[in-house]
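Heads up, the next two complexes both have chain A, just with different partners, chain B and then chain C.
Let's turn to the complex of A and B:
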C-alpha cells in the first residue's frame, strides 16, 4: 500500500518547495516546518515501503513519457537503504536548521531551496532509468549552487557557489557523454523491448550489458566515473568541496552527509554491473578512491578551519567508499554492500559532526580552531555528541565507523592480495591520518584553555535534539545492522537478469581468479568472500580460519590492524593536542620551514597550479584572446550595426513611408533570389 | 439537407453570429465592455467545445467541396480558438470601456477567418478567409490609436497588401493552368501539365504565405508590427494569424503543388535555414522585449518550415521504426513535429506577449520611456512575481528546454529531419536553439537578477488568469506529450497520400 504512494516521497518536498517559495515569508521561521514535515513524511513512507518489501521484493513502477523515454520509480535494496538514510538524516538537518536559520531574513528562500535539494536527491535515488537520474542529478547540482551561494552578497560565497557549479559541470559533461554512449550502444543492439521496457531503464541496461563491446563498456564506465568524481569530490575534481563551506552549516551538513556527494558513490554502486563488466572500470574506481582518501586526509591535518577539516575528511571518506566499490574487482557484489554501508554510517557521523560544528560556530562565532579551546566546559551536550561522532569517524572499536571503514580496508586487502597492494596501503595510511586529524580537531576545540574571548552558551534544544539522535546512530548503527545490511544489499542484483560470471569474463576478473585465488569467480566468489567477511567483521576469534578456508582471507594481523590504527591515531593526536597528556608540541616535529608542512598548508599548491598557472595563464590567456575578438570584432560589428540602425532610424523619421518601400523591395528581391537559385539548381541538376 | 449535416461547422457559425451580435449590442448599449468580453469568451469556449467534439473526424466536404473538416483543420481550429480565448481573457482587463465591442467583434471575425482558412480546400475560400482574418487584424493593430499603433498597422497593411497581390497572382496562374479552384484538381493538373508558369505560381504563392509565416525575407513587417501594435494584438498576430499562414501553405503547397516537390524542397531549405539563423541573430541585439519576441517568432517560423523540407526529402518514403512508436513515415513525423511546434509556439508566444502587455500597461502610466524596453523588466520577479514566473517558463519553453511544449515540438521535428537524412538542417536548427538561449536568458536575468526598477505592480485578474492557463497548458504538453504526438500524427496524415 505504501508502494502506491512512493512518488509522494519526491512530490511532497517539491510541494514544500513551492509553498516556501511563494508564501514562506508569511509563515513563522520561513515555513521551515513545511520542509521538515515533507521530508519526515518521506521517511515514514520509506519505512512503510521497507516493511512491505523487506527482504526479497522490489518495487518497479513506470509510465511512458514520450518516444524512447519513461518516468519510473525503482526501489530495490540499494535505493531503499539510500531513501531511508536520506530522509532520516535530512529530516534531522531540517529540524536543526529551524533553529540555526532562525532570524535569517532569507529563511524562506533557504527552506524552499533545501526542500528542492532534498526532492532532487530523493528523485535521483529512486529513478528507474539513467536519463531521469541525470535530470535529478543536474537539479541537485543546481540546488547546491543556490545553497552554497545562499549568502550571495558575500563575494566568497558567490565564488564558492560558482566554483562548485562549474567543477561539477566538468564531471557532468563526462557523465552525459557516458549516457549518450550507452544509449547509442544499446540502440545499436536493436533489442526487442517488451511493452513497458525502455532503453535506459536499469533492468534493461543490466540485462544487455554483456552484448556491448568491452572497449565501449570501458569508455562508458569512464564517462560515468567522471560524473561520480565530480559529484563526489574525488581527485582531481575535489576542489569545490572544501569551498562549499561558504553556505550555511546546515547546507554543508546536507551536501557532505546525505545529499549531493553521496550521489556519485550511489551512481557507481547503481551501475556496478557495468563497472564490473568493463575492463579496467573498477581499477579506475579504486585508483581514484584510494588516492583521494590519502590525499584529502593529509590536507585535513593542516587546516585550521573546523569546517574545512570536516570537508577534507568527507573527501577522504568518499575516497574510502569509492575504493570499496573498486575492490569489487576482487570480491564481486559484496563491495556494493560494504561501500554503501560506509556511506550510510558516514552520513550519520558526518551529519553529526557538521551539525556539532554548526552548534559550536553558532555559539563561539568563529571557524578557526586556533581561536577556540575549552569550549567543552560550556557546551557539554555538543562536546559529548561530537565525541561520539569523532570516535566513529576515527574508527574506534564498536562504533559505526569502525565496522564500516574497516570492512572497506579489508576488502581492499583482498583486492591487494589478488591484484595490487597499493590501494590497501593508501587506505591504511589514510585511516591513521583520519584518526589523527579527527582528534586534533576535537581536542583543540573542546579541551585546553580558551584561546579567544567567545560567547559561552549551549545551543538551543531544537539544535541539540538532532545531535543526540544522530549520536545514537553514529554509535549503534554499525553494531546493530551490519550483518543484515550486507545480506540485504548483496541480494540487490539478484532481482535483475544478470550473470556476474559472464560479466566477470568480459571484465577480465575471472581470468585473474584462475591465476590468483581460485575463489573469485563472479557471484560464487563473492558469496564465499562474504561468508568470510560476515565472520571477520564481527571482530571475533574465528575469523582467521574462516578466511583461510573459504576465501582468499586475511591473516589475523590484518584483521586487528584497524583497531590499532584507530587507537594509535587517537593517541598521537592526544599527545600533541590534549593538554592533560600533552607530550609534544607540533612545532617540535615540524617548523615553518618544513617543506612537507608547507606543502600541506598550501594544499599541495593546488590553488597555485589550478588558479595561478592553469586558470591565470592558460584560461586567462584564452580569455584575453576572446576578449580582443569580442571588443574588436563583435563589438565593432555591433557598433557598426547600431550606428547603421540609428542612422536608419534618423532617416526613417524624415521619410515615414521609405521604410515600407524598403521592406517591399526586400520582398521582391527575395522572390528574385529564389527564382535564380531554383533555376540554377535545376540547371546544375541539384533538384 | 438537414441542419445537423453542418454540425462540424457550427463553431464557425456560432462565432460569426456572435461577432455580429457583439457589434449590434455594442451600438445599442452604453458602456458594454465587460459584457462583450464575457460574451466573446463564452462564445469561444462553446466553439472550442464544438470543434473538440469532432476532433479526429474523417475528412468531410461541405459547400461544393470547398470546405473540408478533417483532423488537420480541427487541430488548427483548436490552436486558433485557444489563442483567441487567451487573448480575450487577458483583454478583459484592458478593453473595458468604450470601443471594446469593436475590439472583441474584430477579434472574433479574425478568428473565424483563420478557421475558414484552416478548412479550405479551394483557393477562393482560402483567399476569402485569409483576407477576412487579415483585414480584421489590420484594424486591430491600430486599435489603441497611438502613433506607434498607426505606424505598425500601416506597415502591416501595405506589406500585407503586396503579399496578397502576389498570392492572388499566383492563384490566378494556378486557376489558368488547372481550370479549377479545387486543390485536388490543381494537384492533378500540375502533375499532368508542368511548365514554367507553375514555377512562377509556386513562388508567388510562397511569397503570399511567407508573409504571414514571416519567413526571411518576407518578415520585415513583423518586428515593427509586433512592437507597435497593442501587445495583446501582437499575441494574436504571432500566435494565431501566423499559424494561419502555415495551414494555408501546408494545404496549397503539400497537396496542390506536390508536382513541384523538388522546387519547393529547395526553396524551403533555403528559407528555413536563413530564417532561423537571421531571426535568432537579430533577436540577440534587441533591447525591446517585444522586438525580441518578434524575432524569436521569426526564428520559430524557420524551425517550423523545416517540415516542408522534410516532406520534400522524404515524400512517400518507406516507414522507419522510430521513437518507440512503431513504423512511421518520416514525412508524416515531420508535419506532426511542425504541428506540435505550432501548438506549443502559439501557447508560449501568447503567454509571453500577454506578459509584455501586463508590464507595458503598468509601466506606461508612470514613465515616458518605451514601455517594452528590457530595462522595465529589471527585477520583475519582485514587482510582479506571477508574471515573472510565467514569463520564465515561457522563455525556457521557447528555448526548447524540457519538459515543456517547446521541447516536444522541436524534438519531434528535428528527429524527423534526421530520419529523412537532413542532418545538416537538424544540426543547424539545434545550434540555433542554443543561440536563442542568449536572448531568452537575457530577459530572465533581467527579471530575476537585477534590482527592481520600481515598486510592486498590480497584476490584473484577466492577465493573470490567461498567463496561468497558458503556463499549465505549456507544461502539460511537455509532461504528457504522448496524446498530443498521436493527435498531431493523425492530423499530419491528412496531408499525405495514404
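Let's turn to the complex of A and C:
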C-alpha cells in the first residue's frame, strides 16, 4: 500500500518548495513547518515501505518517458536505508532550522531551497535509471549552489557558492561522459529488451555488465568515479567542501550529513557491480578514498574555524567510505554494507556535530576556536550531545562510529592482506588523527577559560531537541543495527540478475583469500565472509576476549587496534588541549619555523597551487588562447560573412523607394514578363 | 446582339486608361479611381463572357468583385484620410516613410 505512494516522498518536498517559494513570506517562520511536514511525511512513507518490503522484497515502478528512457522508482535495500536516513536526518535538520533561521529575512527562500534540496536527494536515491539519477544529481548541485550562496550579499559566500558549483561541475562532466559511454556500450550489444525495460535502468545495466569489454568498463568506472569524487569532495576535487561553510550552518549539516556528499558514495555503491567488474575500478576507488581520508584529516588538525574542522572531518570520513567500497576488491559485496553503514552512522553524528556547532555559533557569534573556550559552562545540553557526537566520530568503543569506521578499517586490512597494505596504513593514521582533531575541537570549545567575551546562553529547545534525538542515534545505532544491517545490504544485489563470480573474473578479482575467497565462490562466499565479519564484529565488541578467539581473518592485534586508536587519539588531544590534564603546549612541539606546521597551516599550499598556479596561470592562459582563436577565427569568418551580406543588402535595399508608382510599375512589368515567358514556353512546347 | 469583340475592346480600353492613371497620377484619390477602372474593366469582361457562354458563373463573380471593390475603396479611403491627417497632403510623392 505504501509502495503505491512512493513517489510522494519526492513530490511532497517539491510541493513544499513551491509553497514556500510563492507564499512563504506570508507564513510564520517563512513556512518552515511545511518543509518539516513534507520531509516528515517522507519519513513515515519510508518507514511504511520498510515494513512492507523488509527483508526480502524490492519495489520497482517505471513508466516510459521519451525515446529509450524511462522514469521510475527502484527501492531496494540500498535505496531504502538511504531513504530512511535522509528523511530522518533532514527532518531533524529542518526542525532545527526553524529555530536557527528564525528572524532571517530570507527564511522563506531558505526553506524553499532546502525543500528542493531534500526532494532532489530523495529523487536521486530512488531513481531506477542512471539518467534520472543524473538529473537529480544536477538538481542537488544547483540547490547546494543556491544554499551555500544563501547570504549572497556576502562576497565570500557568493565566491564559495561559485566554487562549489564549478568544482562539482568538473566531476559532473566526467559522470555524464561515463553515462554516455555506458549507454553506447549497452546500445552496441543490441540487447533484446523486454517491454518495460530500458537501457539505463539499473537492473538492465547489472544484467549486461559482463558483456561489455573490460577496458570500456574501466573507462566508464573512472567517469562515474569522477562524478563521485566531485560530489563527495574527494581529492583533488575536495576544495569546495570547506568553503561551503559560508552557508547557514543547517545547510552545512544537510550537505555534510545527508543530502549531498553522500550522493557520491551512494553512486559508487549503486554501481558497485560495475566497479567490481572493471579492472582497476575498485583500485582507483580505494586509492582516492584512503589518500583523501589521511590528507583531509591532517588539514582538520590545523583549522581554527569550528565548521572547517568538521568539514575536513567530513572529507576524511567520506574517504573512509570510499576506501570501504574499494575494499570490495577483497571482500565482495560486504564492502557495500560496511561503507553504507559508515555513511549512515556518519550522517547521524556529523549532523549532530554540525547542528551542535550551529548552536554554539548561534549563541557565541564566532566560528573561531581561539575565541571560544569554557562554553560548556553555559551550554550544558550542547556540550553533552556534542560529546556523544565527538566520541562517535572518534570511534570510542560502543559508539556508532566505533562499529562503522573500524569495520571499514578491518576490511581495508583484508584488502591489504590480499593486495596492498598501503590503504590500511593510511586509514589507521587517519583514524588516529580523527580522534585527535575531534577532541582538539571539543576541548577547545567547551573546556578551559573564556578566551573572549561572548554571549552566554543556551539555545532554544527547538534546536536542542534534534540534537538530543541525533545523539541517541549517534550512540546507539551502531550497537543496535550492525549485524542486521550488513545482512540486509548484503542481500541488495541478490535481487538482480548478477553473477559476482563472472564479474570478478573480468575485474581480475579471482582471489584466493584466507577466508572464504568471496569473489570466487560468489554469493556463498560473500555470505561466508559476511558471517565471518559478524563474528569479527562481535569479537571486537567483547574487546579483549576476541584476542583468544581469533577471528577468521584478522590477527587479534588488528582487531583491538581500533580501540587504542580512539583512546590514544583522545588522550593525545587531551594532553594538548584539556586544561585539567594539559601537559604540553602545541607551540612547544612545533615552532613557527617548522616546515610541516607551515605546510599544514597553509593547507598544503592548495590555494597557491590550485588558484594561484593552476587557475590563474594554466586555466587563464588557456582561456586567453581560446579567446583569441574564438575572436579571430570563429567570430572572424562569421563577422566577415555577415559583413558581406550586410554590404550586399546596402545596395539591394535601394529597391524599396517608397513611391507607389514604382511598385505599380514593377508589378505590371512582372505580369508582362510572366505572360511573355509563359507564351514563349507554350510556343516552344515546354509547357 | 452586340459582338463580343466590342465588349473586349471597351474593357481593354478602360484597363489601359486605369493603368496609365496608376503610372502617372500622384494624387491618392485619383489612384483609387484608377484602381476602380481596372476592376470594372475586369467586371465587364466577366459579364460579357458569361452572357455569351451562356453561364451565370461569370455574373456571380462580377458581383463578388463589386463587393470586393467596395471594401477595398473603404479601406483605401480610410488610409488616405489617416495619411492626410498625418501629413496634410495626399500627394503620394511626399509620403515615402516606408522606404530604405
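The rule is simple: the second predicted complex is superposed on the first by the 593 of 687 C-alpha atoms of A that agree within 3 Å, B and C clash if a C-alpha of one lies under 4 Å from a C-alpha of the other, contacts with A are read in each partner's own complex, and residues count from 1 in each chain.
Following the convention adopted for this analysis, contacts are C-beta pairs under 8 Å (C-beta built on N, C-alpha and C of every residue); 3 or more make two chains touch, one makes a residue touch a chain.
Because the structure is predicted, anything quoted here is derived from the model rather than measured.
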item	value
Which superposed partner A:681 touches (first chain B, second chain C, both, neither)	first
First (chain B), second (chain C), both or neither touched by A:660	both
First, second, both or neither for A:1, with chain B first and chain C second	neither
Common interface residues of chain A - those touching chain B in one complex and chain C in the other	656, 659-660, 664
Residues of chain A defined as touching chain C within the complex	653-661, 664-665, 668
Parts of chain C lying in touch with chain A, wherever the complex brings them together	19, 22-24, 26, 31, 92-93, 95-100
Residues of chain B that touch chain A when the two form their complex	151, 154-155, 158-159, 162-163, 166, 199, 203-204, 206-207, 210-211, 216-218, 220-221, 224, 262-263, 265-267, 270-271, 285, 323-325, 385, 403, 408, 411, 415, 479, 481-482, 485
Residue ranges of chain A touching chain B (in the complex, touch as defined)	22, 64-68, 193, 198, 638, 641-642, 656, 659-660, 662-664, 666-667, 669-671, 673-675, 677-678, 681-682, 686-687
